[in-house]
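Below, chain A partners chain B and then partners chain C, in two separate complexes.
For the complex of A and B:
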């Protein structure tokens, strides 16, 4: 390991410890989006495949908890959800990752809707409606679970960034034809890495289900979540591992503030953030930071 | 035994027959040219060898391995590397990373420090020692072609496919380019090149195949085939032959 890597590792550990001491109001939401946006960016950042499937995986996770929290120990639920999420992602990946650009985006959006419809249909067949998830978990405990999941995501991201798989994904994002002709099994690489945000979002869903108390398909698979994750990740920037979280913090703070003042205007924030990304911050805060850094270096 | 064996290769795009019943061999350490007028199926031939698409019929064998129908990444791993008619670089990666991209997953794999060292060697080999850390957007046209060549060489292919690698160069660059390919030839590499630049064909190729309307109309040493009546007719029309 280089000294730079050791320094980064120490900085990360200190930040993590600070976060652990910090379960304050709103921080659980922030942790949730940090986990979702960071894992989303691990796949969509390098490949430029915009996935709107987060809600599908997240919803799946909440249902895993809803169905089994009374029969299984709680700690197993995020694991089961992760496996289920990864399996769903692999299935979806095999079918859709041959699609490119906008077709992939539309399909992932449709996926969340389809999974929701399936759950609704099953519930209609069995006569069940929503489920109550009543546990003794506190907000703090949920926050700490998310923090642990976030740590795993960062660790995975750091390892992937140094691995051949990560490099392959960057090449695919740059030019898929070159990737294929350079010996990269592009379909396999994409499916493998698409499983990571799938598993993570499902695990996060499983952890957060108790917070919603009552879950039903319409809320568990709400497509808004997918859009929030995309906007936050892009606002922060996907070029660096720390990018998405730089978007999550200001965005969730603003979102919560607006929710309290004018709950009907939150979508406006989503739209404004999107405009900001397109017109002013194409690389997100990461891109802005790197531009400043370059200018500063050029002057010094 | 020949390194690459092409037998009865045909490619149809719907009703259009782009390549029909092609047949030729490439020997180890040989530089083979594929020439012919525009639209004669040269690039289609290259695309089939490299696996951009599969032939409709026929067989392409590299050291006994069947390549026809294999996906491009498998073909690259078996030992075929290529450059593209329109240069394709990885814009978000630095020059040296572009070359490492060719080394990391291909025929002979390298990773980490050894891949980096190998890529640096190749860059100086193609005359780009000074620009390794630069973004590819900062390169001149011929330098982008050099990077692509280095990337193709990075997997140490058994066969190197150059699809009009010399196209679009000015006269000075052309001389440099021909010199560079000749030096690869002198290293004993096996190269198939599709080219319109006749000077290059004459000075680089051991043998060449002439294609017209998707079929082979001549094969042999450059001087021989270029004076062939049928070849001249294909290029210039019957009246001038």
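For the complex of A and C:
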């Protein structure tokens, strides 16, 4: 490890400790989006494939908790959810990631809705309705669990960035044909990496289920979540590991403010945020920051 | 038999919507995910003209189609040309156009629910039954289907036998070689995008005759249109029509025989089969 890496590691550890001391109002939502957006960017950042499947994985996770929180110890549930999420991601990836990016976007766009329809149908067949998830977990404990998950995501992202897989993905993102010709199994690399946000989102869903108290397919698989995650990650910028968080913090604050003031305007905000990213901030805040840095250095 | 005919009637309208998307994606290379919202706008215009002005939805098409054409032309010229210019590759343009049209669709839904509330809108137009082969069907569905056939047929004739249609097909096949034979690619793309928009809005007006719409239902239609376009093959009119009819029949069969809540799951099942076995489309040839 170089001195710079050691320095970064120490800085991250201090920031993490600070976060752990700060379970204030609203921070759980922020932690949730930080986890989701960061893991989303791990896949979609280097490959430029826009995944809209977050809500499907997340809903799957909440259902894992809803179905088994009474029979199994709670700490096993995020693990089970992570395995289930990774398996679903692998299935989706195997079907779509051999082909061009558009197929992937379209497939993930409707995935949450399709899974919701199937869950609703199964529930109708068995006569079951929604489920109550009543646990003794406090908001603080959920926050700490999410923080731990976020730490894992960061470590995974850091390790992938240093590994052969990360290198392969950067090549795929720049030019898939080149990647193929240099002997990279592009489909395999993409599917493997896609399992990471799948597992993370499902685990996050399992952890957050007690917060919703009542779970039913229509709310657990709300597709809006996928779009919020995309917006936050892109607003922050996917070029750096810390980028998504830079988008999560301002956007959650803005979102909460708008929801309180004018709940009908949230979709408009979402639309305008998308347009802002495409036309004004193509690299997100990270891109903006790097442009400023470059100009600063050129002058100095 | 009932399922088959209902499915065909539904599929005919789907075909028109998907043709619009196929023109936009196949020729202009814009993956327009605001397609469903455009459909809702068309349906809403028909609803508004009918309830406020007693204009028959069939006559309203004469207003809706040109307005949608102009609006889409402007959207392409103002919002999308900058993206086309800066795109380094087809993939980059796809990502940009997906995000931009998502933005437009959310902004549209936001404005719609702000102005008109989240309510549903439908109206009773020709809700009288007609008999075909011993079972009765709503007359508005039959009218919508016939109009879809007429408009789709006209579009096919225009694309196949006119100079302008030939230009569009040439751009669709190879946008980089088209300028070599004197085709203005940007103008052709704008035309295709505007025309696709007009066709989709028309489809929306037809759907509104028999389907209850609300501001947020657009994404469902976008999804179906996308699945049809991929099933039929990008830029392939015949494939689009066949795929739309297959989807219409499958959906009707699933809704009737298993559960009406599973229509999207049924569409996904078809999508999955296509992705696994014929990703180049029903009639497409594998790329070498």
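Just so it is clear, the second predicted complex is superposed on the first by the 300 of 300 C-alpha atoms of A that agree within 3 Å, B and C clash if a C-alpha of one lies under 4 Å from a C-alpha of the other, contacts with A are read in each partner's own complex, and residues count from 1 in each chain.
One rule holds in what follows: a residue touches a chain if its C-beta (ideal position, glycine included) is under 8 Å from a C-beta of that chain, and two chains touch if they have at least 3 such contacts.
From a predicted model like this one, the values you see are computed outputs, not experimental measurements.
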{"item": "Room on chain A for both chain B and chain C (clash or fit)", "value": "fit"}
{"item": "When both partners are placed on the shared chain, which of chain B and chain C touches more of chain A", "value": "C"}
{"item": "Partner chain in contact with A:167 - chain B first, chain C second, else both or neither", "value": "first"}
{"item": "First, second, both or neither for A:113, with chain B first and chain C second", "value": "second"}
{"item": "Partner chain(s) touched by A:271 [first = chain B, second = chain C, both, neither]", "value": "second"}
{"item": "Which of chain B and chain C A:186 touches, first, second, both or neither", "value": "first"}
{"item": "Which of chain B and chain C A:178 touches, first, second, both or neither", "value": "first"}
{"item": "Overlay on shared chain A, then closest C-alpha pair between chain B and chain C (Å)", "value": "6"}
{"item": "Residues on chain A engaged by chain B in the complex (per definition of touch)", "value": "164, 167-168, 170-171, 173-175, 177-186"}
{"item": "Residue numbers on chain B that touch chain A, as the complex places them", "value": "50-52, 71-73, 76-77, 81-82, 84, 88-93, 100-102, 104-107, 109, 111, 151, 155"}
{"item": "Residues of chain C that touch chain A when the two form their complex", "value": "31, 33, 82-83, 91-92, 94-96, 98-100, 102-111, 113-114, 219-220, 222-223, 226-227, 230, 258-259, 261-265, 267-268, 271-272, 275-276, 279"}
{"item": "Residues of chain A defined as touching chain C within the complex", "value": "48, 50, 95-96, 98-103, 105-107, 109-110, 113-114, 117-118, 120-121, 124, 223, 227, 234, 264-279"}
